[in-house]
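Letters A, B, C and D name the chains as they come in the text, with residue numbers starting at 1 for each one.
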Amino acid sequence: MKGREVSLNVNLGGIELRNPVTTCSGTYGFGEEYAPYVDPASLGGIAVKGLTREVRPGNPMPRLAETPSGMLNSIGLQNPGIDEFIARYLPELRQLDTKVLANIAGNSVEDYAYVTSRLEEAGGIAGIEVNISCPNVKHGGIQFGTDPKMAAQVTRAVRKNTKLPVIVKLSPNVTDITEIARAVVDAGADAVSLINTLLGMAIDIRSRRPVLANVLGGLSGPAVKPVALRMVWQVSQAVKVPVLGMGGILTATDAIEFMLAGATAVAVGTGNFVNPRAPLEIVAGIEEYCRANGVRDVNELVGAAWI
Amino acid sequence: MKGREVSLNVNLGGIELRNPVTTCSGTYGFGEEYAPYVDPASLGGIAVKGLTREVRPGNPMPRLAETPSGMLNSIGLQNPGIDEFIARYLPELRQLDTKVLANIAGNSVEDYAYVTSRLEEAGGIAGIEVNISCPNVKHGGIQFGTDPKMAAQVTRAVRKNTKLPVIVKLSPNVTDITEIARAVVDAGADAVSLINTLLGMAIDIRSRRPVLANVLGGLSGPAVKPVALRMVWQVSQAVKVPVLGMGGILTATDAIEFMLAGATAVAVGTGNFVNPRAPLEIVAGIEEYCRANGVRDVNELVGAAWI
Amino acid sequence: MADLFQARVLSNSEVCPGIFSLVLEEPRLAALAQPGQFLNIRVNAETSPLLRRPLSIHWVEEGRVEILFQAVGKGTEILARVRRGERLDVQGPLGRGFDPDPGDRTPVLIGGGIGIAPLGFLAQRLKGRKVLALLGARNGEALACSGGSKLEGLGATVHAATDDGSLGRHGLVTELLSEVPADGIIYACGPGPMLRAVAGYALAKGIPCQVSLEEHMACGVGACLGCICKGLAVNGESVHKRVCSDGPVFDVRGVDWS
Amino acid sequence: MADLFQARVLSNSEVCPGIFSLVLEEPRLAALAQPGQFLNIRVNAETSPLLRRPLSIHWVEEGRVEILFQAVGKGTEILARVRRGERLDVQGPLGRGFDPDPGDRTPVLIGGGIGIAPLGFLAQRLKGRKVLALLGARNGEALACSGGSKLEGLGATVHAATDDGSLGRHGLVTELLSEVPADGIIYACGPGPMLRAVAGYALAKGIPCQVSLEEHMACGVGACLGCICKGLAVNGESVHKRVCSDGPVFDVRGVDWS
């Protein structure tokens, strides 16, 4: 029953994606780990693990805990640093027929600015996703992402150092996420992505100690989907730039819910661990949904549930 | 293997509970609905549905949506109003051999003060739980619970109108829950309870509309446990008053995790729907855990996981 | 009084495409059950799906309780895989069922689709009475295995309507309403639009009528206020009623159909 | 290259108390598998438990892949109820396994508890070689059904140690280490403390040694950085290695045991 062609292209703040499905930073390595299961050319894009100025060894083990329909992680931004990334991983990423988003983090505004300009020089990526929200690093994420002024400051610094589209990734651990969203958009963000992980923890009743060596970790997976959907709903109506929605997406139904709530594109994170083929199945499922419902252009879905 | 007696008594801000297990407001009706499954005399206490000055019809249907390991509700504080509560329900509640917490909510500081003084006059309850956090009522909960000054104002108004122990129930939908906790404790709260529901939503991809008539709802159940545990961990170390912990508790293991994180007592909410006998099984499980681990007094568990 | 049971599964089988018969051995539950009441079943020990699933009691015999269910989603699909000999966590019997005393009126059972199921148990209690049953389903097979043949077995006069015309009238069960005798008393269960039509007919004709409503449920016992329907108080005022505990069966005069 | 399979379950049975043998019919997976690699299995279609469970390949024969697992928690208990004929969502083969070429050295397989399982597949690949196996378990029955009898069946010389003394030495398998010949090459799998003792012995004696490590995993493919162990770079620097993709099998000289 091959009906009319459905147009799946979306524009995420200046980045043309062949379809609205991408993968979340930190869950997709540097693009090669899921190669046996998914051809990146069939995805809208992929985001790489968060990059910092310096090499980061990350947090001590254990770093993972499973929770009901979710998981906690405290990886602590382990990454090889921007130099090694450019030297060792970027050349191969450039060969991929998909849009690569470089996710960046830092301890200071200067760090963000530095990493941005290194990426700008290096070339070959489609956009920069600015992680202002990683809850794992004591002197970093949490402050920038929860204070509108600091979030704006980081955004401006990144903006000033690149012509690439800038996507700012918001933290859900705030009273009013629309306030932060407005601040980063006013400061020059071309798009926003949300949500990063919810701050959580787990305790082992045998040892009577926190499960994670770092005590606190980030909650992700289907458990957080209702919160993520709510925030996408709120933010997409509060700002004019496109929203990249994520948080608990595992199936095409989940992804469509995010688009109806106002996301222009979506990203699959923890879902990859559960079903490595999830991103592919989601692309197919969105197309099928459009066809079955007479939707010719996937952009028609964006915000279609707004009252 | 009946070992030594384990002492299960705890003191929640002046309320002596025979054991640390209570039930959450809004999930236990007015105490009679679960009578076939649980003798209230075997529980530390029960909290009744949120009470307001006026009769509240609540939100339109649908009010429920199931989510991965959780559920959304937007009941909208349906309740018969304080007069009807005192006339019709309180006499039977007084007969129960357990501590009854009256959960209250309001549109204004005056409402809270009024309901408090009515309860104070009526007598027969063990304490007042002040819901400053219900996310369902447009002109109520959300503002009080997310602003430390307003939270303190409500607390003071309640404090002034009663000699009963006052427990303030905190919203998790804030950037820094310890800030609100400190504010209400400074304003006279004898204890704090947390967490209320996380603001979330669900979308029906068939109708392309929000599932809940009220659009947004409160997320509860096992899905939120990691967030609740984290907040109990943070708040119990930030304030000197006892914490009543809740959010996703279904088993004794869950309850013990909350106590190790710093809760003096716990409350079972959504867990009752899944297993009406959960509160009983939790009391038994805590006792067994204490016995197996040589814990003579359950208070030894409180905060035992702090670093 | 309702209770929790770890009920032993005597059998679980697909009686026609997508419809399952699950028989539990649980004498105490069988003794407590009333027609129109339901069970709240936990489908697995995990937290997803989290909530119990409400399913009506279809048949009670010799300490056994049978339910009929349609596999329509996560929960019922898990239930479809339950095997003989396993134990199932069952809460019940819940809710207010039918008032099974028709007085001197002719009981008329009206059921649509899987909504026929609870009428089976009701017919058991009406045994010895002359019962008329107006049943609708997608086809004759579904109608028979949703409870139609059991009603016939009990001696009820069954008039059928099917979507595909394979049995009885080709159309909706509501097209059979004119067959309700003036001295009848209606007991109905089925999809919302069917119940609305039945209620409208009964109210217009002044025929006593009880309907079994459905709503998504969380607690099933009246504690959460999640399953509200609009009811009418005796004074005509609109009031919120809980489908799970004030119902699921309501007198049509107690429901606000506006 | 690893892939995803909807593998058909040929059999699943409790071979001794708490230990299950699960046989999958999946010729392509069987062809790809190397000793020491593992499968990442989704235990149900629900979201709780959410993550796949890593389980080593125990035996490969005629297009069939067998795993042995202990039912210790939610996931493995669900797996224990899987029945013949069902399809299981299996990802694999994953990780870097043993280097199965012992050169001219005598292969010594050291296994503790369910850690004996992956040594079975390794022994299959070492067939024709004189193999020594030092195995430990809680008792003789567990030792045999965790892979001990299969190793014997392949002609390996098995020396046993059991917690209860029901077979071989009454004690830990590490008490048998002195039996490792100087020209041996060790392949070990088992609990952390056992591996640490084996590694210490091998490093002290200069005996080549590969160990299979275990960590909680999320992705199983090296993407999440959740399953880190401390490794040693060639220059002696401490580096983070991923147990799932840089391992699970490591040369003991590449691990930071401090």
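Going forward, a contact is a pair of C-beta atoms (placed from the backbone, for glycine too) under 8 Å apart; a residue touches a chain by one contact, two chains touch by 3 or more.
On a predicted model such as this, the values are computed, not experimentally measured, just so you know.
Annotation of subunit B and subunit D: jointly contacted by A, C, touch as defined at the top. When each chain is reduced to the average of its Cα atoms, C sits farthest from subunit A.
With centres set at the average Cα position, the gap from subunit C to subunit D is 53 Å. If you average the Cα atoms of subunit A and of subunit B, the two centres end up 34 Å apart.
One finds 35 Å separating the Cα centroids of subunit A and subunit D.
Counting partners per residue, subunit C has 47-49 as the residues that reach two or more other chains. Under the contact definition stated at the top, the residues of subunit B that touch 2 or more other chains are 65, 68-70, 221-223. Arrangement of the chains shown, judged by which pairs touch: all-to-all, with no pair of chains left without contact. Across the complex, subunit B meets subunit C through its residues 26-29, 33-34, 36-37, 49, 57-58, 61-66, 68-71, 73, 75, 78, 221-223, 250, 270, 272-277.
Of all the residues in subunit D, the ones that touch subunit C in their complex are 44, 46-49, 74. Interface of subunit C with subunit B (complex): residues 1-4, 42, 47-52, 89, 91, 215-229, 240, 245. Across the complex, subunit C is touched by residues 68-69, 222 of subunit A. Listed in rising order, the residues of subunit B touching subunit A in the complex are 65, 67-70, 72, 146, 173-176, 198-203, 205, 208-210, 215-217, 219, 221-227, 229-230, 233, 248, 253, 256-257, 260-261, 289, 304-305, 307.
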